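Heads up, the next two complexes both have chain A, just with different partners, chain B and then chain C.
Then we have the complex of A and B:
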């Protein structure tokens, strides 16, 4: 009997999702025993042409991490979709855009200008930028086109399952492997994590949710046993799906939302604004203004991992820009 | 001129491809390493609070 085939890929990502797979330690041998890994750039030497040569739907499971922010990533997403029976958005970037989607607060040209001109280590008097096609003496070189807008995997291709997290925790990865091995995959569209919010799973003492001001870390020493939000520290727990093991909050760090919105919430950032506004004690406009000033970077905090998947999606583009 | 593409380069963190140009006798004339990916941390970290950067920039490379 031939073994099922698994592919893993990284698009706009950091490699942390691939390392999370390796963090299964000796269980990686179970995965290798269970299935043939036919594509995994970080670990195995297969090329794109090997994938192109495979028959359609010949890969049983594709774990795709990373967001889609250039034309190559879009092409590989479409290629792997065609070759795979089951496509999984693996990790916060593939599910929601992740950290790379903070780029949706800017544009391709602004990023190029900052990186290739303004960067203190750049000497680029001729204003040379990456080109999709470059003629050299020996022939032609090509590069993918960088998009203005970072997209989630599901905005590009159909996706069967979503595994959130930055990175996904090992217990969820092993659960998915077990489900795959036993042929008991959940209904299409399932988000493989908890159905509760992070707050529901957090064991900190919760009393009255009323805050008089917002604190930044250097302004307060947090009580390690009490709800961070009740202490005035912005924590994304009320609008974030659980299942991560409350990793950050257990380390006395507030949640930043890498598991995406909980069931029933469409826009994680909007839900967080609503949650914080509802517990803030205000005696009028002056207090409200102060709170707005105290939250230094609301967009980058409330949409830390979810900008591409949000209703806002991105900062509005100047008229005539390439790709919204 | 013949071109050999090594795409993608593998078993390291990051995206890259190598183009090798050969002459008619199969000798290497020139080769190019290209990095087909940019996310733009240099730009999108601007304006974020300094205390949040230790939670953003580790995602430059997670390997």
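Then we have the complex of A and C:
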């Protein structure tokens, strides 16, 4: 029997998802024994044209990490989709936009302005920006086009499975490999994690959820046994899917929400607004104002990983400037 | 009175999304204030008409 073929790709990603695959340590050799890795830019020297030459649906499993924010990533997502039987959004960026999708609070022009003009290390009096096409003596050079809006993988191509996490934990990666090897993958569309919320899986003591002040993580040394939210630290557990092993909270850090919304929650940020505002104790407008001051960056906090997947998806673009 | 805290927090967040503040309004009307209720709804309708339809965001341009 020929071995199944696996492809891995990174789009708008930090590399952490690829490292998570390598973190399977000696198990990576089992994966290599079990399957032929036919494309993996971070580790193997295959080029795009190798993928183009493959027959359609000849790749059995594609683990795609990273969000989609430029034309190259979109093109490769479509290419890998055509060549793969099973497409997996791997990691928070591919599933929900992740950290790159915080860029949806700005626009391409604003990002270029910041990076190429305003940043203290730039000296760019001629206002030179990257161009998609540049003519030089030898011919034309082209660069991918950056989009205004960062997208999830599923906003670009059909996706069979979602593995959340920033990055996905090793035990979930191994579980997926096992399910794949034994032909027991769940129904299409499944999110491979828990069906509970993180709070359901968290063992900290929970009493009455009431807070009178919000602390940012660096302003307080939290009690390692009590619910962090009850101590006034914004923990996204109530609006986050479980399955990560409660890893941040166990390290005494609040959950930032990288497993995305739990079943039944459409918009993670809206759910968090509701959850946090309801437990805040207020006697009047003054207290409400203090809460508003304490929560310095609600959108960035509540959609830290979920901006591209949220109902609003991005900051409004000025009229007439809508483009992909 | 959870709404009294949720709405201001949501408004602060919607401002970060560039959404006009006037699109969300929280007011208190008692069951006996029918006229005031009608007046508030009319004001809100006028306001939204002035702002025009909310344009969807993000995703593909052809969504």
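Details
Methods note: the second predicted complex is superposed on the first by the 320 of 324 C-alpha atoms of A that agree within 3 Å, B and C clash if a C-alpha of one lies under 4 Å from a C-alpha of the other, contacts with A are read in each partner's own complex, and residues count from 1 in each chain.
Definition applied: a residue touches a chain if its C-beta (ideal position, glycine included) is under 8 Å from a C-beta of that chain, and two chains touch if they have at least 3 such contacts.
Keep in mind the model is a prediction, meaning the values are calculated, not measured.
Counting residues of chain A touched by each partner, chain B versus chain C, the larger count belongs to B.
By the touch criterion defined above, A:105 lies against chain B and chain C together after alignment on the C-alpha atoms of chain A.
With both structures placed on the common chain, the touch criterion links A:46 to chain B but leaves chain C unconnected.
Contacts of A:217 after superposition on the shared chain: chain B is touched, whereas chain C is not. When the two complexes are overlaid on their common chain A, residue A:163 makes contact with neither chain B nor chain C.
In the superposition on chain A, A:228 makes contact with neither chain B nor chain C. By the touch criterion defined above, A:95 lies against neither chain B nor chain C after alignment on the C-alpha atoms of chain A.
The interface of chain A with chain B overlaps its interface with chain C at residues 105, 297, 300. Against chain B, the residues of chain A that register as touching in their complex are 10, 12-19, 41-49, 69-70, 72-73, 98-100, 102-103, 105-106, 110-111, 114-115, 119, 130, 136-139, 141, 143-144, 146, 166-167, 216-218, 253, 256, 296-297, 300-301, 304.
Looking at the complex, you find that chain C touches chain A at residues 1-2, 4-6, 8-10, 12-13, 16-19, 55, 57-61. Residues of chain A touching chain C in their complex: 104-105, 149, 151, 155-156, 269-270, 273-274, 276-278, 280, 282, 288, 291-292, 295, 297-300, 302, 308, 312-317, 319, 322-324. Those residues of chain B that touch chain A in the shared complex are 1, 3, 6-8, 10-15, 19, 21, 29-30, 32, 34, 36-40, 42-49, 51-52, 55-56, 58-63.
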